[in-house]
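Here subunit A shows up in two complexes: once beside subunit B, once beside subunit C.
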Partner chain A sequence: MTHDAVFIENKRKYLFCADQHGMKLLSDVMEQSSEKEFFRFEEEPDWTSFTSFLEKQKIGSYLYVSLPKSEIYQARVLAEKLGFSEETAQFIGYGENVVRVFCSRCHSINKTVEEQREILCQQCVLELSISDHYSKKHNAYLGYAAKL
Partner chain B sequence: MKWTTNLKQFPYPFKGSTYRYSNNSIPMENPVSIEITPNYKEEMQLKRELLHHHSERCYQSLPHTLTGQWEIVDLVMNHLVTAYPQFFSLQKSDNEWTFHNKLLDETQSFTFGDSTTLPVEPLHFISLHVQEDLIYMMQRDGDLYLDAGQLCFPANWSLTFNLGMAFKSIHHPIPGFKEEGLDKRILQFLMRLEAGNPWERKNWSLMAGDRLDTSIETFVEWGKLRKQVTKENVGELVHLRVEVQKLFRLPRTNSILFTIHTHLLSLEKLTSNPEWLQQFYNILSELPPQIYDYKGISLYRDAVLAYLSERLESEKVR
Partner chain C sequence: MYKEKTIPVYIKNIEEVTKYVKRFTLASIEGKQLPRFSGGSHISTYLETAKGLLVRTYSLTSHPDVTSHYQIAVRLNDQSKGGSLYWHNNIKAGDKIQISYPKNQFPLSFKAKHHVFYAAGIGITPFLSMMKELKDKGSSFELHYASKNLEFCAFYEDLNKHYPHQCRCYFSNQNKRIQTRSLENHHVGTHVYFCGPEAFINEFTSAAYRVGFHESAVHFERFHPPQPKNAAPFQVQLKDGTLIQVKKDETLLQALQNQGIEAPYSCQAGRCGTCELSVKEGEIDHYDSFLSEEQRNAQDRILTCVSRGKSSKLVIEI
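Up next, the complex of A and B:
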C-alpha cells in the first residue's frame, strides 16, 4: 500500500476515491483515464457514503483509493467486501506509518506512529501499552493499561 | 460481595500434577447449558446492574445474528424448564410463548421469532435470567466468528474489542496457543461440534479479590489488588476463578452457543480440602512463567506458594 498509483488501461470506467492530498497523488493516473467518477473523503472518512458509492458501481469499474496509512486499510476491507480485488483496485497509502490503538478502558481509538510502544489515551488519559492483539473490525490494536 | 460456595458443588478444575493449555473439553454427561446456584439472585442483580449501566461493554451483537439469538432463547428456556421446573415455566401456543421466572417473580409473553415483542434483543433478554455469560459464535467460510454476546463476568477481556473477530484472532494473546498449533486444532474441533452432543471444559485462573466483573475495561480498579496480597491476607484475598464453559451446536444457523459460568473460591476454602491443597501446590510450583504471567499471577505467586507450603506443613503435623 506504499507504492505509487499505476495506470491500468482499457477499463470501462475509473473510480478515484481520495482526500485532498490523495487526489494529488492520483492526478497522473487521472489524466490518463477516460471515463471517471470521484469520491472525495473529508478529514474523518465517511465510510457509509464510501460504501454506497462503491455499491452503485457496475462491473468493469477500476478503483483507485488514496488516503493516510491509518485509514487505507479500512478502505481496502470495505472495497473487498463489495468484490473489488487486487485485479480491480489499487490502494495508495501516504504519510507516516500510523497504527490505531483501541483503549481497553474507554474504547476510543487513538492514532500513533508505529514505533511507539506506550501512549496516553486521548479520551480517558489512561497510559496504554500497545499489544499485538489486532481487530479487523476496529482496524486497531488493543491498548492495555500499562501500569497498575 | 461474599459468594456462597459449597465445596462439594465447586467445579474443581485440576487433574494430575501439571497444567498446560490443551483442548480439555469432554462430552457433557448432563447436557444442560445453564446451572442455577445458591448465588442466583445476587448474581442476577449484579448482572442486570452491569447491563444497565455499562451496556456497550456487556452486550454486543451484529445485525445478522437475530435468528441465532432466537435459537439460543429456545435452547436455554427449554433447559431452564426441564432442569429447574420448580423455578421456571414456559407455556407455548404456536409461536405465542409465556416465560415465567419464579425465582425473580417475572413473567414475559412474546411471539417467538418476533424481536419487537421483547423489550430487548432475544439474546439480551434470556441472559437476564441466567448466571452464565452467553457468547454466540457464527460459523462461515471455514471459521468461527464472535458475532454476538452478553459478557458481564469476563476474565480480563473485552467483548467490544473482540466483536466480529475470528476464533484464532480472539485467542492470539494466549501464550503458546498458536506456536503449538492449539488454535488450529481447537477450531477444527469446534467446527465439527454436532447438534445434540454438547461438550464442556473448565478453565481456571487466580485472582486477587472476589469480583466477578473483572472486565478489561475496569482493570485499573480490580488489578491493583494484586499488589495488596500479603502473607497475612493471601488465604482470604486470593481466589481460584473457575469458568465452566459449555458448547452447544445451534443447528438452524449452524452456529455455536458458548456459555460461561464463573465460580470463585478463596484459597482458604480451597485448601481446606487436603487433596486439593497438595495438587494445587504441585501445579502452581511447576507452572511455566508465561502461563502464570498470562493468568495474572506473577505479582503474588510467591505469597500464594508460601501460603500453600505452610498449610501443607501444618497438615503433616496434624
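Up next, the complex of A and C:
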C-alpha cells in the first residue's frame, strides 16, 4: 500500500477517494481517466459516507484510494467487504508508517511509529513490548507486558 | 471400461415437470443416507442399456442438505444419442442404477456479495440447488430465466413460490427476451453464473467481460464442450506402440474405450481434468476449459474427452 498509483485502462468508471494530499498523489491517474467520480475524505475519515459511496457503484468501476498509512487499511477492509478486490482497486498509503499495537491486558489498540519497540498503553498505561505476532483481524501487532 | 466408485440407487419417483422435462427421485438401495453435496453439484449416472453402458451427467436439483434422496431433471433432447431418450422412455420407478458421488465444477463463489444466475431452458437445473443453499444462508441472489414459453418453463411455479422476489422469467413467445444489457446494472461485488446452450453462454460471458466483470466473478457451465468446427481424424500411438485411429466424429476417449483401454474420465465435458494424459509428441488442439493458457501452450498434455490432435499423430502416455 505504498506504491504509486498505476492507471488501468478501459474501465467503465474511475472512483477517486482521497484526502487533500491523496488527491495530489492520484492526479496523474486522474488525468488519464474518462468517466470519473470523487469522494473527498476530511481530516477525520467519515467511513459511513465512504461505505455509502462505494455501495452504489456498479460493475466495471475501478477504485483508487489514497490516505495516510494509518487510515489506508481501514479503507481497504471496507472496500473489500463491498466486493472490491485486488483486480478492481488500488490503495496508496502515504506518510509515516504507523503501527497498531493490541494491548494484551485491556485489548485496546495503540498507534505508534514503526521504529519504537516499547510503548505505554494509552488506555491502561501498561508498558508494552511490541511483538512480531500480527493479527489480520485487528490489523495490529500484539503488545506483551514488557516487565513482569 | 473405466468406472469410478459408484453408489447403487433405485428410482423412487418420476414426475412430469413439463412436456419435455421429467424429474427423477433417486434413493439408496441399501437404505443409507446419500452424501451431502454443495449447490451446483452434479452426478454421473450409469445406465446399463441393451446397446451398452450409457454415462450421463446431471445437476442435482434437490436441497444440498437432504440426504434421504437426490433429484435430477432430464430434458428430452431432440438429438439424443440415447441418454435423455433412455431416461424418458425406459426408466421406470423401482429401476436400479449406479450413480457417482456428487462432484462440483460449478460451485458458488464464497467471495460474492450478490449472486446473479442467468439460465436458459434446462440450464436452470444447477441453480435450483444453489438457490436453496443461498436461501438457507440468507445470502443475496437473483435469477434471470429464459424460456420459449410458460408451458416449457420447467419449475416455474416452484420458483415463484419459493423465490417470489428473486426470480424474473423471460418468455420469447411474448417477445420478452433476456438481454445482456441487464449485466450493466449489477453492483460491485456481484458474481454472475450462466448455464444454457452454447450460444447463450458465449453471448453472456463476452458481454460480462465487456461490461467490466473480472474473470474471477464470471462462472458458467456448459451442457456440452465447445465443438471443433472442422474435426479431422488423427492417430494416437500408445506406450506399447499400439496405433489407434480416432475418427472425425468420435473423441479420443471414445476411441481408447472402443479398444478396451481403461482410460480415466469423469465429466466428459473438458472441465474436470480426470481424463488428462501426457503427450510425448505431436501438436494438440485444446477444447477444454480446464487447462491454463500456459499448460495449453506447453503442448504436453491432453484432455481426451474433448481435445484432439492438430497434427496427424500424437504419442500419448497410456
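Everything that follows uses one rule, which is that the second predicted complex is superposed on the first by the 141 of 148 C-alpha atoms of A that agree within 3 Å, B and C clash if a C-alpha of one lies under 4 Å from a C-alpha of the other, contacts with A are read in each partner's own complex, and residues count from 1 in each chain.
In this section, a contact is a pair of C-beta atoms (placed from the backbone, for glycine too) under 8 Å apart; a residue touches a chain by one contact, two chains touch by 3 or more.
Remember, it's a predicted structure, so these values are computed and weren't measured experimentally.
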First (subunit B), second (subunit C), both or neither touched by A:Phe102: first
Subunit B versus subunit C as contact partner of A:Ser61, first or second or both or neither: second
Subunit B versus subunit C as contact partner of A:Ser85, first or second or both or neither: second
Touching partner for A:His138 - first (subunit B), second (subunit C), both, neither: first
First, second, both or neither for A:Lys11, with subunit B first and subunit C second: second
Shared subunit A surface residues [contacts with subunit B and with subunit C]: none
Residue numbers on subunit B that touch subunit A, as the complex places them: 56-57, 158, 160-165, 169, 172-173, 216-220, 223-224, 226-227
List of subunit C residues in touch with subunit A within their complex: 111-114, 183-190, 211-214, 216-217
Contact footprint of subunit B on subunit A as seen in their complex: 102, 104-107, 126, 131-138, 142, 144-145, 148
Subunit C-touching residues of subunit A, taken from the complex the two chains share: 11-12, 54-61, 82-85, 87-88
